[in-house]
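There's a structure below that I have some questions on.
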Amino acid sequence: MTVSRAFWKIALKNIGTIILYTNMLVLFGTMNINSGSTTAQFEAAKPTVVVFNHDKEAGVTKGFLEYLNKNAEVSKDYADDDRLKDALFYEQVTLVIDIPEEYHQEFALGHDPELKMRSSAGYSAELAKVIVRRYLTAAKAYSTLGLNDNELASKVEKSLEKEIDVELKTKADTAKYSTATRYFSFANYSILACVITIICLIMMSFNRMEVRKRNLVSSIEISKMNRTLLKNCCIYSLGVWALFVIIGFFVLGFDVLWSIHGLLYIANTLIFAGCATTVAFLVSQFVTSQGAVSGMMNVIALGSSFLCGAFVPAEYLPGAVLGFAHIMPSYYFIDASNKIMALEDYSFASLLPILINMAIVLVFAIGFALITNYVSKKKQKIA
Amino acid sequence: MFFHNYKYALKTLLKNKALVFWTLAFPFILAIFFNLAFARLHDYDQFEPFDIAIVRDDAYNNEQTFAAAFKTLTSGDERMFKAKYVDFDEADKMLDEEKVEGIVYVKDGQAHVKIKGNGTNQTVLKMTTEQVAQMSGMIDDIADAEQQRAGGTLNLIEVKMKAAEIVQNAQPKISDDSHVMNVVSIEFFTLIAMACMQGAMLSSEMLNRCLPNLSHRGKRVAIAPTKKSVVVLSNLLAGYTMLLGSVILLILFMRFVLGVDFGDNMGLIMLLASIGSLTATMFGMLLAVMFKMSDNAKQVVVLIITMVGCLFAGMFGGMKIFFDEACPWMNKINPVGLITDGFYSLLYYDDMTRFIVNALSLVALAAIFFVLSVRNLRRARYDSV
Amino acid sequence: MKNVIEVKHLTKSYKQNKAVDDLSLAVKEGEILGLLGPNGSGKTTTMNCILSLLKYDAGDIKIFGKEMAPDAYDTKAKIGVVFQEVAVFDELTVYGNIDYFCGLYIEDKATRAQYVEDALKLVGLEENKNQYPKQLSGGLLRRLNIACGIAHKPKLIFLDEPTVAVDPQSRNNILEGIKKLRDDGATIIYTTHYMEEVEILCDRVIILDHGKIIAEGTNDELKALAKIEEKVTVEVAELSPKQLSGFEKIKNVDSVSYEEGALKVVFGKGKNNLAEMIEYLKANRINYSRIFAERPTLNDVFLELTGKELRD
């Protein structure tokens, strides 16, 4: 009881830091969700293109513009070239097309007029280029038949209408949960950062040499002391988790989280929060200054987030990195989030891989707790 | 005297573990993380052929043009797919076991694609199949038209071959002057800017040391018969030296070890980094003289300011343009944003105006910080020490 | 003898609180002046004002006959200060620290090397010169702190409680060092609240309270100031209230108290107090086991003047 009271008194002393950290992370997390990531779900959106047309809207030019309007998002917002360049760089716009004067006449005469384009990097740009090439290639091919403007345009249009039949063999609505997955993957960073910083700060007070000596000479058993401290750390982490979930409801919407999918995300995050607590508890055995706490926190939280796919989706990570990531609980946590997103039904067989991941995270947590206990017992005799 | 102080200041800085960690080790560690995490985003034009299953039945063989086109796509060095020709059930099983990314088959003269999930490869497969189907349609169309024109007297195979040639050679003239640079590089730019900005810790610690109202050591310095300006300037110079050293090491590390593309402007990049470091140094000085805080508290403040600056400047997921649109003035006074934008404009813009504007803004900020600090520093005696 | 420091009508307040109140003092060349006072009495503030670290509301400060100012570098060169707080670089060795701070005064390398060695010897840290501050015990750290302050052989030395929390061995070492500095011709201002140190070390003492000088003089002069002359303690097993009140009638007695078998009788001025006491005991047949008399200490003086114990 005394230990617990002391724990919360120290926590209260650090309340400023706690509030600051929690707010910052929530801010980061929410903004991260709202800013479009270049790597997310490109399929859903049509590429954004900007067209500068110096030709009349006739013949092939007209058909081309119509085709673009149908297959791409044609934006008219960019008149300023600097802004356009920036937009290209940040992939807000993926393709800029310049249609020269008298393009359609020249084209009809078979003169091979030149179309100018500039693209951004990324898949979306490639997609846009494919659309442009597809139309012009068809137009070029049909132009050999010596048709008039309208005939040509309609021929091309007709040939490009030919679509293939795509059968999607999955019932999972991945789009619905992709934002949720990103939000909860980001929890890897926010929860680790929040939990490690605060728990280490509090534990530092307990582990300060003078206080530690006093604790060591007291009659309280060290394992019991550790258990009590860990229990209180868990209560704190539970608070962080609850906050993260509540904000999740606001950010992601009630209908997304109030579902079996949502509850799985929440449970998965809870287990991870527990694991983060034991990580923090272990780290706290070694740090002696506030600077060291920030350092460790950043290396652990940022490192695991980068290497396990919290910031960059795991499918874009090199195989070697992912292989290495297997030694971190974060990997299993984030992997579980991804598996929840792809979940098609709630049969045991489908849930099993997710449950296995959760179990692995739990095993990590127990492992860290045991190591901490071992370390603190070793350190019972002050060197 | 100047050199004596400079020498010892540098010596103590290099031995200060916390400062060495934040200014030197931390950016290096982040650079390595970035490199690992973005390695594949970095070269995603390098397309890797992936596995698909093609259902080769009578319906497929009937579509000769389509089948021929797919054969080209699945063989040779520049193939797009690694194809396995199997029957439908086998293909479906392979798809379930995720051995292939998708299935291509023909039914009632129409091409079908069956996929699981919505990944990149699935889209590539879908689009390619679509294109192949359209092109085969076109070839047939043109062949028909030619045949009609000739009154049905031509050899069917020859006319198809000719049509295929026409379609293949129908290459519209398109000039592509894309200046494609990977968005990932902006992350590395922000990282350099972050490293510069964190250098504010160095100068703020250096100032703490020589001002009597900030530290006990400062009292010692203040009662010594050395001019304050000499001590302050040599301390600042020591902080700047260490900062510049670590930033240059970081840039060299990124360039030569991690292979980050900085273009051929290494000189100007170094120049901008040194200006950025100067601004950060002045910022640290201002922070030190304006607020009476412990070294530790100052480190935390610098860290937070730097991180927020980085966020605005585009680290953590390309949010720069979002902020540029939402509040354009923000990155005009955010040193991290200015440094990042400077690097970016150097690589991405042909004319130097934007780079110069960024560099001059940084110099102006440094000057403002300096003047504000000096006004405060001129105090000879203090209200309390 | 010349005055090394002359302070006239110094006043300094922090907001409402007057830390130094119209204080004037002078320090003579070659003396060790003890500056005594309870916590918060204005000792350190006075010192910081003299050193031109602090702004002050009014007053006039001269050192070596010259106006003291932040840019009075000639004057500063002759001053050495040992602050209360240990102010050294953790990143530098013992030698490096002394060399750094000495270097702010002495530019010539050869001279400085010699001075640093001398300082190491003075405080007895020769064997620790390659260690880092973190490796030193509290006492050794204090000695390093002193060495950093006086390595440049100043003519005027301020020592602000240099022996706080120091083991006896280090303390003796420090006190010996200070005497040696005085013997080498330095003037020393010594702030402390250890009475014994003042009694053995200081030529002259100033007692401060609430930013004002409440007493000034040599040890003996100060003791003479006190009303008490002698305190006689008698160990008596039993004493009735009537017997107790009888003691008050003895000549020169100021006060009488009896607690746990110890009778304490405080005499004012006068001679043969002890003899009269013994006579009285005999006459009234009071049995006692031990009797002794004490001269007043500075602590008694201090207690009487300020109503506070020096050490809290």
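Chains: A, B and C, in written order; residue numbering restarts at 1 for each.
Note that contacts are C-beta pairs under 8 Å (C-beta built on N, C-alpha and C of every residue); 3 or more make two chains touch, one makes a residue touch a chain.
Quick caveat, the model's predicted, so the values are computed rather than measured.
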Chains in simultaneous contact with chain A and chain B: none
Most remote chain, CA-based centroid, reference being chain A: C
Approximate Å spacing (C-alpha centroids) for the pair chain A, chain B: 16
Between chain B and chain C, centroid-to-centroid distance (C-alpha), Å: 65
Euclidean distance of C-alpha centroids - chain A vs chain C, Å: 66
Shared interface positions of chain B, touching two or more other chains: none
Complex contacts: residues of chain B adjacent to chain C: 1, 4-5, 8, 11-16, 212, 215-217, 219-228, 231, 380-385
For the chain C and chain B complex, residues of the former touching the latter: 14, 48, 51-56, 69-71, 73-77, 79, 81, 83, 85-89, 91-92, 96, 100-101, 103-105, 107, 148-149
Touch list for chain B against partner chain A, complex: 18, 21-22, 26, 29-30, 33-34, 36-41, 44, 95-96, 107, 110-120, 122-123, 126-127, 129-131, 133-135, 137-138, 141-142, 145, 166-167, 170-183, 186, 296, 299-300, 303-304, 307, 311, 316-322, 324, 344, 348-349, 354
Of all residues in chain A, those that touch chain B in their complex: 20, 24, 28, 31-32, 35, 37-39, 41-43, 82, 85-92, 112-123, 125, 127, 129-130, 132-134, 136-142, 144-145, 155, 159-160, 162-170, 172, 174-175, 289-292, 294-295, 298-299, 302-303, 306-307, 311-312, 315-318, 321, 342
